[in-house]
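Labels for the chains are A, B, C and D, by order of writing; each one numbers its residues from 1.
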């Protein structure tokens, strides 16, 4: 590794450390915990594969009701979210980080209203509409999903989107941002506002 | 708590500690890790609610490719698996512990053969057949599932069974046993035999 | 392992799980954290070596100001505290568990008064008085220490005692009890009373 | 925080993440584990207090014989090592990171030889020579120690040094470097060479 690559990796890992502290300090983010647990990824500028994207090793879970990262930030620690951010960046280079969290009809109704207020695009993919020729071929599903979202949003990648319930697949919301700290800060605020409405 | 309840709780928590050591020492159990992660539960003799069933706080995950419990064993740490074991015990009091792990067509084919050799019942629930009047009412789904399985197995609860893919639900295999150490020992052996066939 | 040995091990490990929960829930126990960190041990009835004594793997530390066990309870996880409890049991079979925590002149003054109120013996060993023939021979130091304490307390092992500062050795207080939960409960109450006086 | 301070913090935290991975991957570093456990610190360029120095929250310990960080890197997580690096930087701005590890006569003999080969200064402080007017005043001890070391090494801060056994104080070795990854890499190589000689 040359020195500038090392420095870029340190910035990414350190930003994820600060992002995890923000998530772990949140009283409400646990309300958005999906069954598959949460991952938070942050991509190198020129990422081409999941090993160029750092995520949280072992994902982020709930222990005794508190948000808790299972391991350290690490390059290559995520597969699904890493491929997602790489695909997103083919359309919009401003996004380098993303997080997944729970999707339910209640969360979705809340997010629609919240995004309107924030001026953020919000869109969803209906997995049942995915053509067989994409879903059945390894690695074809993600490009179809992101392309579909971009078409729905007039050529832009929406800042928040969801993948609806699929057969054997938990529905999930995804939030994007320029770095991990921005993403963590946004999702913590979302969970706080959601808690105020639904508790 | 009276002294005998305390002693029963200690036995359960300590047995879970030993079971986690068995899982964490396995080279192969990670191959069976589902997206929702693993929980392992062990029930009090007279459990009536999830707080009488101990599980692993934060579930069991993979960190750096190694099996790792996120937290300590704790009463009330599981909901789904806890309700499952309580329902199972209405039919068969010998089972007090259970674990969930991944289900795929390949794993299922392997388990069919493996269970034949072991003389264990193996059966599965097709979630799409679940009547609306059960799936739509909170708490009605589990009784229907276990009743269906028992009917399929001539009145007995099968030692291994699966819940197939549902809309928004990951398919999962469940293994039952008399205590957590037995369940962990069995599932580690299953993962070892599965690895021999599929690696 | 025969079934009764397994059951004894489960009771010990599970009791340590509950004891750790008690320590981790304490707001004040962190005030008594020594530099060498804390270990909490619980011995088999017939322990003859450290592998028959369970302790906390990686010890108990402070993370973000909160008491946190680094690992799970495990047989053989402690050396010093394990040898201490084995030696104690040569004089008094009621003690099967022990914990170490910080010693300072302030803590010691507090404990003297506290033990008087509780009717507990409290005594300390001056490490500088330890004869060379014991301190210089591996394994001779612990028998000398416990024997000295017993002589100071009229033939009894004191429930609390300390080892004063030695050359290269941090001074430490030790609290004994019948099981890990009793020891954790006692030390949490001590830390609470100490906090009331010194904060 | 302005953007450049944020970036500096991310680089430091991320570099500590990579350093911890190096330590945790070492087969031998556990041989140098002191009773007080290890901390590894990395200082901001203009650090004036421990909150400007990042360390490992909960320190680095051994769990099941493997090196394991108890928590995440965090600013303000160290006191002693943080004050040490701040004091060191009054003499030599190249050093921004440091780690402590065990000191024994055997380790010291090995290090003398090792440092000779590497061309590194190696020196030690005899705590019994510390004047009462420094040791008895909070915050005076560290300046005296570093000043004494610098005088011993002809005006330079030695890359490795130790603080010998004190009354109630475990002796410790300290290794300095330009960043946390350098320090971790050096100490892992030291532990590997020490293991080859002493195992």
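Basically, a contact is a pair of C-beta atoms (placed from the backbone, for glycine too) under 8 Å apart; a residue touches a chain by one contact, two chains touch by 3 or more.
As the structure is a prediction and not an experimental result, all values here were calculated from the model.
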>> As a test of understanding: of all chains, whose mean C-alpha position lies farthest from that of chain A?
In response: C
> If you average the CA atoms of chain A and of chain D, how many Å lie between those two points?
Replying inline: 37
>> Report the inter-centroid distance (CA atoms only) between chain A and chain B in whole Å.
In response: 29
>> Roughly how far is chain B from chain D, centre to centre by C-alpha average, rounded to an integer in Å?
In response: 46
>> Where in chain B do residues touch at least two different other chains?
In response: 74
> Among line, ring, star, complete and other, which best matches the way these chains touch?
Replying inline: ring
> Name the touching chain pairs, would you?
Replying inline: A-B, A-D, B-C, C-D
> Within the complex, which stretch of chain B touches chain A?
Replying inline: 35-37, 57-59, 61-64, 68, 70-71, 74, 165-171
> Contact residues on chain D for chain A in the complex?
Replying inline: 6-7, 9-18, 20-21, 69, 72-74, 181
